[in-house]
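What follows is a group of structures, each given as C-alpha cells.
After this come two complexes, each holding chain A, first together with chain B and then together with chain C.
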Partner chain A sequence: MTRTKRRAGRRHPLATVALLALGLVFTGGAYAALSTGTVAQAEIDPNSQQTIEEGKKLFQANCATCHGLEAQGTANGPSLIGVGAASVDFQVGTGRMPMQMQGPQAQQKPVQFTDDQVKQLAYYVASLGPGPDIPADHLVNGGGDAANGAELFRINCAMCHNVAGAGGALTEGKFAPPLTDVSGVHIYEAMVTGPQNMPVFNDLNITPEDKRDVITYLKYLQDNRSPGGFELGSLGPVAEGLFIWIFGLGAIVAITVWITAKSN
Partner chain B sequence: MAQDDHSGTELAAADSSHAVQEFAGSTGTAVIPHDAFENPGFEPHRPRVTDEDPRREKRAQRTVYTLFYLSILGSVWAIAAYMLFPIESNDVGAVRLNNMFIGLGATLALLGIGFGAVHWGKTLMTSAESIDIRHPISGSEATQQGAVEVFRQADEESGFSRRTVIRNSLIGALLAFPLPAVVLFRGFAPQDQIPVELLSHTMWAKGTRLALDPSGVPIRAADVTIGSAFHVIPEGLIDLEHGKLEEKAKAAVLLMRLDPSELNETPDRASWSYDGIVAYSKICTHVGCPVALYEQHTHHLLCPCHQSQFDVANHCEVIFGPAKRPLPQLPIAVDDEGYLIAQSDFTEPVGPSFWERH
Partner chain C sequence: MSTATTRSTTPAKRSFTAGASEYINDRTGIAVAIKGLGRKAFPDHWSFLLGEVALFSFIVVLISGTFLTFFFQASMAEVHYDGSYVPLKGVEMSVAMASTLDISFDIRGGLFVRQMHHWAALLFVAAIGLHMLRVFFTGAFRKPREINWVFGFILFILAMAEGFTGYSLPDDLLSGNGLRIIDGMIKGIPLIGTWTSFLLFGGEFPGTAIVGRLYTLHILLLPALVVALIAVHVGYVFIHKHTQFAGPGREPTNSVGPPILPIYAAKAGGFMFLIWGVISLIAALFTINPIWNYGPYDPSPVSAGTQPDWYIGFADGALRLIPPGWEFVWLDRTWSFNILVPLVAIGIFIGLVVAYPFIEAWIKGDKREHHIADRPRNAPTRTAIGAAGVTFYAGLWAAAASDLLATHFSLTMEGVIHALQATVIVGPFIAYFITKRVCLALQKKDREIVLHGYESGRIVKLPGGEFIEVHQPLDEYERWRLVSYESYQPLMIRPNARGKITLGQRVRASFSRWFFEDRIAPVSKGELESGHDGHH
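After this line comes the complex of A and B, so read on.
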C-alpha cells in the first residue's frame, strides 16, 4: 500500500516541477551563500601587489584590444596612464566600458564585472600613473547642503543635464545622460574625470565639499519627484508642447466632431 | 419654432426650396450671381431614435439630468475638497492633493453642464431643419440721408470747416499729445548713459582677475586642468551694490583649457590665450542665450536655444546654426601671482546684434 502510494507520488504530474524547484532553491541558496562569503571577505586593498596583478590580468583580457597591453593607448582607444582609479570605476562601474561599439559616445549597458573586479581594474590603472582616486564615502552619501548644490548645479551642470537632471541632447548624436538614477560615487567620479565629452570639474573649480553638495541636490531630486502632476520626462517645453498639441487638441477635435454630428 | 427679432417671414420652412428667390429686399453689398447654382433644398428630414422611441427619449432625458446632477455634485465636491485637503503645512504633497481634487470637482461641474446641454440639444430639442436668411445690414435711404444731414448740420453749427485756424490747431494738439509718451520710452534705458556705449562695453578691464561663478574666488592658471570648463565672472562683480545682474549678463565668460596643440590660433590673437587656456563670452551672438554646452573632445560649444555651434579650437567660429558672428574672445594673461587676468575688455560688443551693430 505504502509502496504504491510512493510510486504514485513519484509519478505525479507535478513531481518534475517540484524536483526542479527544489534543485533551483538549493543551487540558488548555495550560490548566494558562496557569493556573500566572497563579498564579506574581500576588502580590496588598493596597494597590494595581488590586487594589481589581478587587475592587470583582467585588463589584458578585456581592455587591451583597444587601450593596448600596457594601457598605452592605440588608434582605437586613448592611453589610460594617469586617468586614475575614479575614471575606471566610473566607466566600468556604470557599464560604459568595455565599449559595445565605437560611436559618438559610449553607451550605458549592464555592468560586465563584479564590484571587486571593477576595483581591481581601477587600482591596476591607478598604479600606472597618479590620477583622481575613488572618492571617500562621506563625500558621496548626500549629507551636504542641497541649496548650495542646486546653485552650483544650475551654473555648472544644468545647461547640459537639464535643471531637473533629466539629461539633454548635444551635438552629432552625443547627449548628456539623465542623472535621475546615478549613484553618488559615479556622479562624483564623473565630475572629477570628465568622461566622454563632459568637461572636467577639478577640485579647484568645484571643491570636494561643493561636489558633495551637488550630489546632495541630485539625491534630493531623486527622492522628491515632481510635486505637480505628470512630469513628461522633465524635458521642458518641447515635451509638454507636443503632449498638449497631440492630446489636448485631439480632445478638442473629438468634442467638436461630437457636438456637430447629428444624433441618431 | 423660434423666431429672430426681424420677422417670422425670414425664417423659411425646411421644404421651401424657393426661399432665396422669393426674398425681394435690398441685397446690400451681397454679390448675387445670376447663373447661381440652384438650391437643392434640404435632404428629407430624418427622425432620430428619440423622436420615434419613447423609451429612448426617456433614457436621453435621464442622461441629460444625470449630467446636470453630476455637475452639481462636482461643484459641491470642489467646495468640500477645499476644506478636506487644506494647504496648511509646507508639504508640496498637500498642494498637489488640494489642486487635484478641487480641479477634478471643477472639471466635473463644467463638463457636466457642457455635455448635458449639448446632449439635450442633440437628442431632445426639435431637429427640424430651417433657414434663417441673412438680411442686409445697411439702413434705409431715409436713415442714411438723416445721418448725413446730422453731420452737415453739426459742421455748420460748430464751424469746424469754416474756422480753419481753430480746426488746424486742434489737429496739431492731438498730434502732439502722444509725443511725451514716445519720448518717455527713453526712460526704460539707463539715464545719463548712451545705450550703444553700454552694449559695447562690459565690466572687464585691463588687469581684472577672472573669478569663479558664483563664489567670486579668483582663478589661478594652474587650477585650470586640460579638459576643464570654468564658469567665470569678473572679480568684484559680487561686491557691486546695484546693477549686478546687468553687469553679469554682459560679462559672463566660459573659460576652457585645451591641449595647446589642438588650438588653431591666428597670429594676431595668439597672445590672447595662455598655454591652451581660452576665455570666450558666454552670451550667444544670435539672441543672447548663455552658450555653455561644452564638449571637451570635439571642442564644440552648443547653444541650447537654437542649436548654434561654435568651434572653440578655431576662435569660436560658427560651424552650425543661426548665429552670425563668432563668440567674442576675452584676451587673458597671467599676473605675477599666477592668477588669470583680462588683458582688456572684449574688443567687440558681446551678445546679439543691435541697431548700430549687425
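After this line comes the complex of A and C, so read on.
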C-alpha cells in the first residue's frame, strides 16, 4: 500500500494497483449493500394481486408457448391448472423449466429466473387452481430423524436414486438424478409433485414429518463425507471394480515393470 | 547370475551367524532344502510376477480376515442397532450387520482393516485373472504344466467363491440382493432347483441360517482349500521350473535368471511389501462397500446400481443380456430359459477355459515338453482365440454395469443392452479375425526386420542418383529373440496301423488346418544367409 508519509506516494509503482483495489472495494461493497437491501425489502406476498400479475406476465412471456396463454396446456405441454406452487418452484427453481428441448426428460440447466421471479410464477400458477404449496421451512431444514428417513429412503427412493442418492438409470434414456446437491425445499417439492418420471408421494403415503426425515437423511449424506475415505461416486461395486483394475492393478503392474527393469 | 556356493569350512573363530546356522541345520537338515531351492533360477520378466501379486494380496486377505473374525458375529438374530452411526440408530437388523457396523465405527482400526480385506480381495481375484491371461497368451500351460493350469483354474473359482461368500456376510442390503439373485438362479434349475434352494437356505429365502453357513465356508473350508492349492500350485512351479522367453543361452533344459537366494528372495520380499503398501494406501483413502449406506437387508428394497463385486459381474451381465419372454410354462412347470441359457453359456465358457491346454495339445498332436514361453504373435490362432474369449467375457462384464453406462454416457438403457448383446455374440468373431491378422502382420514384420534389419532413418544418395534408406542389421541377441519360435504345420491325414483313417483323425486334421493354415515360418539359417548376401 502507498503511504502519504512517503514523499513518492502518488508516484509509487504500486499506486495504480492500490487505487484500483480501493475502487473495487467501494463499488463491490456498495453493490452488496444495495442488492441485500432489495432482497430484504421485497418479500413476495403469495396472495397479492401484484405478485400474480407479475407472475402472469412472466408466464406469458416464457412459458405460454408450450403451456398455453392461460396455462391450459397445448399439444407440446401439459395444463398447469392445479399443479400448485410447489411444482413450479421445483421445475423452474432447479432450471428444468423453461425446457431446453423435448427429450426423454427435462434436463437441468442454469436457473433462468431470480428467486423472486420464480416465486411470482409459482403463485400465479397456484392462483389458477389449488395444488401443493411450497413447504414451510421447518419441514425442509433437516431437523428430523435421520434413521427413520434413511429407512424410508431405502424403501421408497433407493431403487431409482441409489441408496446413497447417487442417481440411477430408468428406461428409454430417462434417469433418476443424483440427490447429492439438491436443496431440502426442492426434495420436498419433488416428493409432493412427482416431476418427470417420479411418482407422487402424497401426505397419506409419506407424512410431512416422514418427508422431513427423508430430507434429514439426505442432508446428513450431503454434510458428512464417507467415513471410509473417497466415495468413488457412491456407485457401488462397479466403481470399486474399475478402481482396483485401473489404479490398483495398474500401480502394481507399474511396480512389476520397475522391479524387473534392470536385468533386461 | 551369482553362483557362489556355501563352503563348509570351519574358521578358527566362528561368527554368531555360522553358529546359529549350524545349530538349525543340525536339527532340521534345512541346508539340503536351501541348497536345492535356493539355487533355482527365476527368469525375470514383469509378467512373471503377477502370480506373486495374487499370492501377496491373499496373505493380506488372510491376515486382515483373521482380525475381522475376532469381532464379526455370524448370526441372523434380530437386534436394534445401538452404535455410533446416527442414520442407523435404533434400526432393526441382524447381529451380523450390527457387528459389521461395530467393526466399521466402534472398533479401533476396524474400518481400515475391513476396507483392506475387501480391497485386497478384489486385487487377489484381479491379479489371478491377469496372471491367467499371461499364462494363456504365452502358452505357459503346455506340457508339463497342463495340470497346474487346472489347479490355477480351480484357485480362480475358489477365489470367486471366497469373494462371493464374503460379500454376502454383512447381511446388508447389497449382500442380501446378491443372495436373492443366486437364490433365483438356483430356483431356475429344473427339478432340483427349489429343493436345492431350500437346502442351502434352510427353508424359504432368506431364512435365518444362510449367514452362519456362508461364514463357515468363508473362513474354514474355502481358505483351507485355497491355501492347500496354492501350496500345490507353487510347488509345481518349482518342480517344472518357470518358463522363460526365448533368448541366447536360454534352453528348454535350463532357466536363466537370478537365483532365489539371495537375489530373487530379496526382490520378492521387497515386492511383497510394496504390494502391501499399495493395498494399505487404497484401503486408507478409498471407501469400499459402505454398508452403512445400504442398511440392513430387507427383501423389499433394491438400490439402483446394485451390482456384485467385479469378478461375479460377468454372470450378472449374462442375466441382464437375456431378452424378455424366455420364461414360459410347459407341462405345468415354469421353464426359466432366461436363467438356464446364461448358466449353460457360462458353464461352457469356463469349461473351455479349463480344458483349453488339453484341446490345443490334442489338435497339435504334440507330446513334447515346452519350457520356452511363446510370444503371443507367434501363436496367432491361440492368441486370436484368447482375444475372442476376452471379448466375450468383457461384453458380459460390461453388461453388469449397463445401468451406469447408460447414465454416465447419456445413453438409453435399451441401447446399451442391445449393443452389448451384439458385442457378446458378434464381438468374439471380430476380435478373433482382427487379432489373428495383427499377429500374422507382426510376424511378417519380424521376418522383415530379421532379413533386412531395421530402418535406420539414414538416407543415402547413390552415385547413380538413386536414394536408398540404409537398413541397420540386428545384433545377434535381438535376432535370436525374433527367430526362435516353433512353427507348426497342419497335420497330414495318415492311415493308422490298420490302414484306416478314423473320424477322430479327420476332425483333428481339420482343427489343425484351422490352427496352422495361415502361418509365418521363422527365418531359417539359409534364408538369413541368402538374405544378407542377396540384398533383394
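The criterion applied here is as follows: the second predicted complex is superposed on the first by the 220 of 264 C-alpha atoms of A that agree within 3 Å, B and C clash if a C-alpha of one lies under 4 Å from a C-alpha of the other, contacts with A are read in each partner's own complex, and residues count from 1 in each chain.
One rule holds for everything that comes next: a contact is a pair of C-beta atoms (placed from the backbone, for glycine too) under 8 Å apart; a residue touches a chain by one contact, two chains touch by 3 or more.
Since the structure is predicted, the reported quantities are computational estimates derived from the model, not experimental observations.
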Checklist entry - Following superposition onto chain A, is the placement of chain B relative to chain C best described as a clash or a fit? => result clash
Checklist entry - Touching A:G73, do we find chain B (first), chain C (second), both, or neither? => result neither
Item to check | Contacts of A:M159 with chain B and chain C, given as first, second, both or neither | outcome: both
Checklist entry - Between chain B (first) and chain C (second), which, if any, makes contact with A:G82: first, second, both or neither? => result neither
Checklist entry - Touch check for A:E151: first (chain B), second (chain C), both, or neither? => result both
Item to check | Partner chain(s) touched by A:N197 [first = chain B, second = chain C, both, neither] | outcome: first
Checklist entry - After superposition on the shared chain, which partner residues are touched by A:T171: those of chain B (first), chain C (second), both, or neither? => result both
Checklist outcome for this item: Winner on chain A touched-residue count between chain B and chain C: chain C
Next on the checklist: By the touch definition at the top of the document, which applies to A:A251: first (chain B), second (chain C), both, or neither?
Outcome noted: second
Checklist entry - For A:G95, is the partner it touches chain B (first), chain C (second), both, or none of the two (neither)? => result neither
Checklist entry - Now for A:I259: first (chain B), second (chain C), both, or neither, which partner does it touch? => result both
Item to check | chain B clash site on chain C (candidates 272-280, 398-406, 488-496 or 506-514) | outcome: 272-280
Item to check | On chain A, the residue positions that both chain B and chain C contact, one per complex | outcome: 151, 155, 159-160, 168, 170-172, 176, 227-229, 259, 263-264
Next on the checklist: So in the complex, the part of chain B that touches chain A is made up of which residues?
Outcome noted: 46, 48-50, 92-93, 95-96, 99-100, 118, 122-123, 127, 212-214, 219-220, 223-231, 256, 290, 292-298, 300, 302, 304, 309, 320
Checklist outcome for this item: Contacts from chain A onto chain B in the complex sit at residues 151-152, 155-156, 159-160, 168, 170-172, 174, 176, 194, 196-202, 204-205, 224, 227-229, 258-259, 262-264
Checklist entry - Quick one: in the complex, what on chain C touches chain A? => result 44-50, 53, 86-91, 104-105, 111, 115, 119, 122-123, 126-127, 130, 173-174, 257-258, 267, 270-271, 274-275, 278-279, 282, 284-290, 292-295, 298, 300-310, 313, 400-404, 406-407, 410-415
Checklist entry - Which of the residues in chain A come into contact with chain C in the complex? => result 104, 146-147, 149-151, 154-155, 158-164, 166-173, 175-176, 217, 220-221, 226-232, 234-238, 240-245, 247-249, 251-253, 255-257, 259-261, 263-264
